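Here's a structure for you.
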């Protein structure tokens, strides 16, 4: 049963004002095309969930989509701070932003507990850190065997997961390779799942390599084909990370006017990722991946 | 570069020499990344590079700009999910060395990468823990790399993101923290360890050209100095060659 | 650093009398060659760990290797009971056998907790079952968020894991496809790891497809190349399950004399898996997998 | 085969008709496997077959002899680890239907696949739970398939491996078990449900040729009978054709 939608349809039908939205991807596979569409649709009061808010949430915060961010590391990797995020946290501009903060391990476990339908999961991190002091959701649990106190985090169950991936079939059976981050846990933890892929492929191609499947179609509500949809992040086997843009973002976002100009030109000023891609043809060509194919394995018996 | 090498270069070579061949190292970006790659190309060909992104046994062709760079995957020995990297690798005790940096470090090696000022009303909001809190607790050896600046070395950090020895002495053991606590702090001026009783920071080695006075001036408390105080061995010609010819970022030094 | 050993060396150096040994593989990749070598070396007092003891533990129990079995389903799938296992449990023959019993989910979590270095993991299974009544290691833990009582199991930390896989390089970097079961958790939970593979391949082949890697070499103590080493179970892409043998085992093992004859002929009576394979050439040919290759994916950037 | 079909065939077709198109089904071997594959080839082309071995969306070319058969992987939609199948699929609530069988079932649908006699001194040691305990608790609908024999239908099972309605009434809710409890028991004689108040087993439908007396004789307590009592629809010609032509095991029927 085809679950194919346009990005406009998928974001319009599956993401509502006030939703908790997880948009994972650790450097790899960050769903920028989806985020831009949410900005264009002027979605409001979202609770945004990512380990690393990255440029994606910086843009969504600046555009006024976010009420709250749940995260563990908010920076522009190797470049500097996220200016819009800092403005919002330090000065409440353009509007106040609530934050809920963990370490990476804590965030990972919140999603894993959600995916496993457990109310909590224990961990050996957090001991001696001030994080539990400022985040009362980080609690302790006593081990019924050793008697020791472990720290623990509560399950996170977002309303929607938006998952960028290399490929899926029309039914939503989704495959990923390269860094997989916490994609699977984010999708299983959430009530609804939108998958955005570089290409929709045949069901047969998926079935020829079942070990690469991240999500089965029945766990997916919409599949959107959006080539270059993770730019300026990257997709292994498709295009490289646009490191130059990550550096330029520091300048663009330093002043709200620069950031607004960027949104005007590259988000509000395009109809969607197709137009963005066309206007960025030279960049697309520059970043295109060279071929480093793996060897096939045999699934016969 | 008055001694024929930069401060970054001596930090990198000093950090690289603290690694032992065959160790499994949790690598960050910047100087730790340079250090690990230098060690791998010189004394430690069997280092295993692991990134919290899930890349195992990476063999980067270029210097990664971030710990999730695609070059960490192409040609790697393996890839695992982040639940696995934190649970089956780090928490299980298979990471021999973790590198950390921070905006602030205090007398007892506690690290702050969360906030300057009050948490609820921050003066400067920093990026946050990332994986630092768990690396500080769960890697077998923790090495810290930071520039030695007065504002980065206060007597007490504003916020403990990643615990060192807490209030010093045996407080870390008392509170039953896992792991041994930080082993060394490598700065642009020297190398500092931690005293085995009070657990406060001790200057153990000065980089060429640096003085005790200069280090004290950039430190926010009365710093203990080891006796004898060592001089850091400068980078060798071979180390500098590898750094300059093989480990430059596309478009500039790391 | 090469970790290559013969099966005799690997079992001799890494498995000791009295050890707790996990030998996983859910139907797929059951390490029979390793089990037979342990029988030949007359290893004693082992605590054997598998979800499904299968013919492998039936043989090891009959041969007197086992003091205890930790398990969740002891049968010959689709055929009938495990006769040696039943003899030992029901009548203490040839020697008494201690059992410690969970459900599959419980066993999986015991290994997962061991792999994660946690003292326990919670679960929603076991409620209303008599299993916790007969196994006091299954306890309850109170959720610090919801207050609800969950069941939980303690971590399992075996002395040795023996892991059968399709391929590894000399350093022990190990790849698996098809059913992966609880292989990864078994290996990470254990103190020592022996990998047995159908073929040792080049380091480069492993590095060309890093997402297939189950275990990194630094987690592995020995790599043994043993083609046909999982027979009568199967290896996806190499050979099919010997379903006929599983049916025949019911007859072979019904009487201790038949079972002893089998051990005499196929375990004690061969020097190792190579001789076994040669004496079973026709079976090996019959079971050989046909080619059903997957499509390669691109790892470039 | 006095009615033109075997008891296995009517069990398979009856079970198959309880499935709804698009459901995600945890499949066992034997009759449940036949039922699911029959349904997929007739009324429910969009059934998703999941095996506790980790095969997702299997498309078996041959009838699998075990739930870990290689034919479940070749051409499947996906493969996942067993920690994932139990946590992210079953415990998360994504399994719509689970099939169970057992050596014994009692008046309140409790299942025993562990032991006949005392656990510590077993008369017959059975295989044990496997995944049955968690399927009974965590699948949305639980269907039970068993041969109707007196020794398999005692008033109380010797051991509750997989809970049904425990002592009946609202005991399952009282003890806060997850899941709704078993929905139906499909035997070679008929179909039994559970009364909505006492939760005891009720004969709801008789297979062609079977009688209430016969069912009572094979049941270890005074069995309630629904009124009106239905007659099971016999297999259609098309169902029998699919079963006999497409779903035979290599070397014989399942």
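As written, the chains take the letters A, B, C and D, and residue 1 is the first residue of each chain.
Keep this in mind: a residue touches a chain if its C-beta (ideal position, glycine included) is under 8 Å from a C-beta of that chain, and two chains touch if they have at least 3 such contacts.
Worth saying up front: this structure is predicted, and the values here are computed from it rather than measured.
Counted as hops between touching chains, the shortest connection from chain A to chain D is 1. Taking C-D and B-C together, the chain pair joined by more C-beta contacts is C-D. Chain centres here are Cα means. That of chain B falls 58 Å from that of chain D.
Averaged C-alpha coordinates give centres for chain C and chain D that are 28 Å from one another.
Separating the centre of chain A from that of chain C, both taken as means of CA atoms, is a distance of 37 Å. Centre-to-centre spacing of chain B and chain C amounts to 40 Å, using the average Cα coordinate of each chain. Within chain D, the positions touching two or more other chains are listed as 55, 70, 73-74, 79-80, 91.
In chain A, the residues touching two or more other chains are 117-118, 123-124, 148, 177-178, 180, 184-185, 208, 211, 234, 236, 240-241, 292, 299-301. Taken pair by pair, the chains that touch are A-B, A-C, A-D, B-C, C-D.
Listing the residues of chain C that touch chain B in their complex gives 1, 115-118, 173, 184-185, 188, 206-208, 210-211, 213-219, 299-301.
Interface residues of chain D, counted against chain A in their complex, comprise 22, 24, 46, 48, 55-57, 59, 70-71, 73-80, 84, 87-88, 91-94. Contact residues of chain A toward chain C in the complex are 117-124, 139-146, 148, 150, 152, 154, 166, 177-178, 180, 205, 208-209, 211-212, 234, 236-241, 289-301. Taken in their complex, chain D has these residues touching chain C: 29-30, 52-55, 65-70, 72-74, 79-83, 86, 90-91, 114, 119-120, 122-134, 137-138, 159-163, 166, 172, 175-178.
By the touch criterion given at the top, residues 26-28, 51-52, 71-75, 77-78, 81, 85-86, 89-90, 101-105, 108-109, 112, 123-131, 134, 148, 177-185, 234, 236, 240-241, 243, 246, 292 of chain C touch chain D in their complex.
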